[in-house]
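Since the structure comes first, as structure tokens, the remarks are kept for the end.
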């Protein structure tokens, strides 16, 4: 295997592995569900892309022809990750999970739950119906 | 084969006659019924002459040789005697019953049962095979049951019949055991051989067992003490039945049996002890009880018991003369007791009562019947010039010659005389208490003489009492001799049938009996008073009580063990499995074998830790169901990774796709189930289950390890070698699935299809608990179909289908195949259901999933059937390589069609399950929401 | 070098998986756990690809593809369940 | 590796059995699923473990035993069908019997309710 | 029935098939054509009408921009994740949107989820507001502007909706 | 006719599939016609196969043309054709009965019946132990679906227990199979029989573990103590024709025990010879005992017949424990008899129950039946057969079993149990019969359902089998002896079943 190829693969792998670890690290570390959502949605998606690219290069080299079917996985993940995040956010909202204390605009959570227009901040203090 | 074979079967045919003849008048019916028995009787009599000359008729045809059962009959003196009794008295009973039964009774049914019994009884006495004897023996029990319960609407008839059947049935089983051991000892079930193997039998170790078992059969049938109680209760039967079965024939079957096996079993101390003591006890007990009966038939029944005891006693005495006497008494008792029962029946019939406290002074109303009854009664009492006297004299004579009780042998004649006294007493009571003794009290009817022909059978029998009594040797001499000869294997002693033997000791005993009996009767009030001190116990109640207490105990036991707890049932099953495997595993000394192990790596350890933690978490969190589902998913994921790691990509793919479908299914179901499991197991229970579970897990792990570390030589090399050349594919696993073991796969998709059909059945008309809030009481979100999900799902569908096609097509050569492809397609469609809802899909997809299943299984089957056209067995595959100009070389294989069937079945089944389950709520939920 | 890198990355992913599991157990809410599961799917894909690279085999690609497709379906289904109770309506 | 594998199989078995012995249908179904994982892994292991030996001709130097793999595939499918049936049956039982307990909430079986004399008279 | 009910999908399917099989042999091209035609035909009923991509070139440019943003976003997020939790200033933001098609909204929401420190959490029922959660909310107005101009505007142009 | 061996499996499969496809799937009437035709065809095929095997000997049908032990082979030997013939006969009667109206009350009755028959026949015919598992699952899943036919709480609850227990059983089956494959490396039973003899030491011990696990599985199917609990409720709650068909289901377990523990782990299995015997003894005897206790405690015909099924299982297991040619022959005769007789009783119970109003088939006072004579006659026939009283087939089976005991110890254990069991059955039946048919209040109700001709025919067919089994008892016993001989001497013929193996 040519060295440059090996280096590229290794770099891609390291990037991928790093971001994957980072995504999971964030998942474990971040303080509330809403912040945690960010971490796998972005970092892990990028990380897996790195690994996929590495795999693509290596397999192409091993098989002797351009093997780019790994793109398909990337495509799938890029399409689905935001939807999964969206569903999870909806669920978290539905479950009325308290966000981190210092989260701004928490008054928006109520209209988000009911999928209505955003309300003024003062509405948040109004007694619940 | 000769006419002998037909003897018993003529009555069998005859039992059908009354069923057809019942449509005619009762007289015609009786007449037609009598024809075949009459012919049989003539046939029997036609053999009599030769038998008197010492001939023996035998006939047999093989039946079940491996069991030792053949259809074998013998007609010797004993059989002749009994046949004549059975057929002769049977004919008289037919005539008698014609008048006895009322117009509301079904006479056809009665006659049918009666003749059926006649058949069975003839079968017993004519049998020449041990098993066949038992065969007919049990038939007599059955037909007797039917006859006793002829008036089945009466409680006492049902109970009496049940009791008789139970007691005689139990005896019958003992008899069977005895006969089987006997046959085994002799080495043949042929009676002929058995009768001549007496010495062999008596010297064998199993002799005592044989004797006891066979005698149990005989004693129960012949109502010997302590099994006598069923007979009085069988009196619930119509009187003709009592006259026939319970005096003349069936109860004599036990006696017959003893006489039949006399050469083979008798003449040992054991035989003497059991038979004579039982007989003596029965003789006295029966006579004593008879005296206190108020029921006419009860008196006769108990007297029958007593007389049967007498005969038994004679057979147990061990002398040849006693045996002769026994046989003579069989004849005499049959004659006088049948006539007495008939007389009692007439009295009952014409006065409406059988209670001797009501029946008084009937002489005035029915003098003719009274005369007949008195003669028969006198015979029963042993009055000279009547047949009863003769055999009783012989009996007394024999009692005097007994020495086997040693210095206590004088007990026997004394007790015999005592029995005689009691017999005279109850016979006197039968006459005096009924025909004299003042006026009738509260009779339902005014008594009168019966119809002319109803008396005829009694007349005949009473006449016989007299004729035999006066001219014994002329009338029954030959018959008695022949019968005795058969009983004694030809060694008949010298005996005399004269009425007068001079002033002998037996005569003195007779005189004592007569005078004593009259005296006892005269002073009966004292005896009755004495007897009334004892609490009356009805054997029927005792018997039913025992049966019911057994039933109750059984009930308690069953509800204790089968307590309806599935957990217990599973527990037992697993405990058994654990015990069995553990017992064997303990002999495994070294767990690890010689095969080299794969070294551990960090990745595997991590995955294993994940797997174990997730599995444990599933257990720990199982009460929070959603959580359990999530951890279960983790387990499933790691399992698929394991398959991938250990070189099974097909398995990994399958496990992954099945996993998702299972999770979706569980989620669907969870909606209708409680979200949380209550804590209900006691700590003890948890510990117990944990113990069992870990023990079982340990065993499985140990076996698994032991297996993996040992080398194995398998048939798989064949598959590797033939996969490409024989199956046309490089993916060996897939070739095994669609070719080498395609039959398994066909079965597997059938299972899937059936499961879908079954689930469809389960879902149909299901009443649902639909929670309106989740387990925290939150109302459900109003957003049915999140916009992002809908849009993205739509875009993913074509891609998913393409992937599915890809997986399907490559399956034969690369990991994949119809099953995985089917699951991917299903998941893709389900995703549309999740994203868009049922209504949306309904208008867009019009697939009949049931048809799809049918098509799938059908296509797979047909692809297998195609090979028949080429003379090949089912599922023989075909493949070939083709070349087309532009496309190039490609392969076509019948396995592809088979796999297509798999694909269709999987999609059809999965969708039939999930879509139907999903649809379940839709309509109801819509209305629910409108109300909100 | 490649093998070394693969091993190193595999270790990273192992740690990631354990972190995922930790979050899965810790929760505190169900969406947290589902998120952890979803992340685990992604890490599993990476793991399979790495294994394929390590073994130099392309046989494992489909497994990764399937996880990518099906993992999403199950995440979406569970979320839908938590939102609506009934996933097919 | 074999030891760890066997340990995992044993643990899965134990977890499955423990859950099957719980009284609620859902736990039982989850237990059955765990048990079927164990079964599949066990059956798979009967062909011995091999690395990088997928049973695809031309893809590996040595081949793992393909037969147990085929058997496990069949077992997975059948297991899926059975689990599906059990799950829906559990739903049905909840609907019919008013409880998700595997024994239902029925009155004691009629055997106990029958009169003590068994009706003979 | 149209020959090509979903031309974009057909193209996608065609290329994905070849991608999957790593082959451009004649046989696979035939198969790819077959699936590219047959699958859309099979599921055309299942497909709701969405606006077509009217400006493909713009779409390609947009894609590259998003990819670039994903990478930068990830680095930003990485810093936030590693950095002290105290520094986080998360918040919810409601973004008024002006897209008529569900597809457009979906693309916008997805883009937003993949790029700078934000996750789309909800779309209002009237499809006029996109609610997002952001890890690092400093200037709400600037964020809204950024999203509307950098992402919403090109999407609107691409789909002409 | 070279494909005859597979007909008993393919015919029901084919018709089952036809019934799922339009136009047949749309009309119950068409399904009924199909079903009757299928039942008849299966029966004819079974009889043809029976005669062919009787005259020409064993037929091996290598599926896919792959020679055993590599491919799956169907083996038509005397035992399997006997079982298949009984199944076919029973199935035909059950179909006849069900077309009279019991097939209503739920979808897919007839296809499921077909699949059930396919599963049972397959289990009997296959010569491959994993294929046996597959057919077990087919017959089980079909039985689950049939059990819940027509719905109702009792059925749901019974099904719950039945299904879960059997799922556990299936898991154990697979564990067992894994062990056996892991030690023997083959799945064909004849091949296993050959290979097992050379197992030694620890591998043999491991194989023994697997074999014993299979015994648990088969015991569960056969309702062997302590795994019999599921049976009474399951059989008693099933729809009549289903319950009747279930009569053969426990026999599948029994069959498997005979097949596996005489053929594979029989006399010639070296270190593993007769491993099941010590376990079978106590459990078989206890099964008879507990079945008999159940018999006496039964409050209704259905539960009574279910308990009789347990007793008959126990008796058959005793024969398996004796493990001799004679006992196997006895078992086969008894098996045929008890299957058909108890099936007949299940159907009869339904007819009786339909005419007795609320009392159903319980042994209590009730109204008058519409057809007391007909039903009473049928009841008497099946009672005599099941008690084991002459002149019906039960007594032959019973005597054959009694005669098959070898040692005094065996005799002392078996005889009293079997004979007391018979007595208990006699008591139970006499109580049942007198109560059912004679203890009524005299009221006749018009709406009571009369037994339909097809139903009477079905019951008649099943009951008729009993006297026929006695009349032709000689040839029947000869055949079972032949089958038993073959089974016990399998080592000699094993290589004939394995064209793919050279000695």
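Miscellaneous remarks
Order of writing sets the chain letters: A, B, C, D, E and F. Residues in each chain are counted from 1.
One rule holds for everything that comes next: a contact is a pair of C-beta atoms (placed from the backbone, for glycine too) under 8 Å apart; a residue touches a chain by one contact, two chains touch by 3 or more.
All values derive from a computational prediction rather than experimental measurement.
Listed by label, the chains that touch chain C and also chain F are B, D. Path length between chain E and chain F in the chain contact graph, taken as the least number of steps between touching chains: 2. Measuring from the average of all protein CA coordinates, the nearest chain centre is that of F. Of the two chain pairs examined here, A-B and B-F, it is B-F that is joined by more C-beta pairs in contact. A separation of 14 Å divides the Cα centre of chain A from that of chain E.
Averaging Cα coordinates per chain places chain B and chain D 36 Å apart. One inter-chain figure worth recording: chain A and chain F are separated by 59 Å, centre to centre, where each centre is the mean of the chain's CA atoms. Centre to centre, using the average C-alpha position, chain A and chain C are separated by 12 Å. Residue positions 17, 30, 34, 59, 65, 69, 76, 80, 82-83 of chain C each touch two or more of the other chains. Those residues of chain E in touch with two or more other chains are numbered 16, 20-21, 109-110, 120, 123, 125. Each of residues 158, 162, 547, 551, 555, 558, 562, 564, 566, 570, 574, 629, 645, 649, 670, 700, 703, 707-708, 712, 714-716, 719, 740-741, 744, 747-748, 751, 754-755, 758, 762, 781, 783, 788-789, 792, 795-796, 799, 803, 814-815, 917 in chain B touches at least two other chains.
Two chains count as a pair here when they touch; such pairs are A-B, A-C, A-E, B-C, B-D, B-E, B-F, C-D, D-F. Against chain A, the residues of chain E that register as touching in their complex are 16, 19-22, 70-71, 73-74, 77-78, 81-82, 85, 88-94, 109-114, 117-126, 128-129, 131, 133, 135, 137, 140. Of all residues in chain B, those touching chain E in their complex are 783, 787-788, 790-792, 794-795, 797-799, 801-803, 805-806, 809, 832, 841, 844-845, 886-888, 890.
Residues 778, 781-783, 786, 788-789, 792, 795-796, 799, 803 of chain B are the ones that touch chain A when the two sit in their complex.
The touching residues of chain F, when paired with chain D in their complex, are 130, 134, 137, 141, 144-145, 148, 151-154, 156-157, 159-161, 163-164, 167-168, 170-171, 174-175, 177-179, 181-182, 187, 233, 297-300, 303, 362-365, 431, 434-435, 439.
Across the interface of their complex, chain D is touched by residues 55, 57, 59 of chain C.
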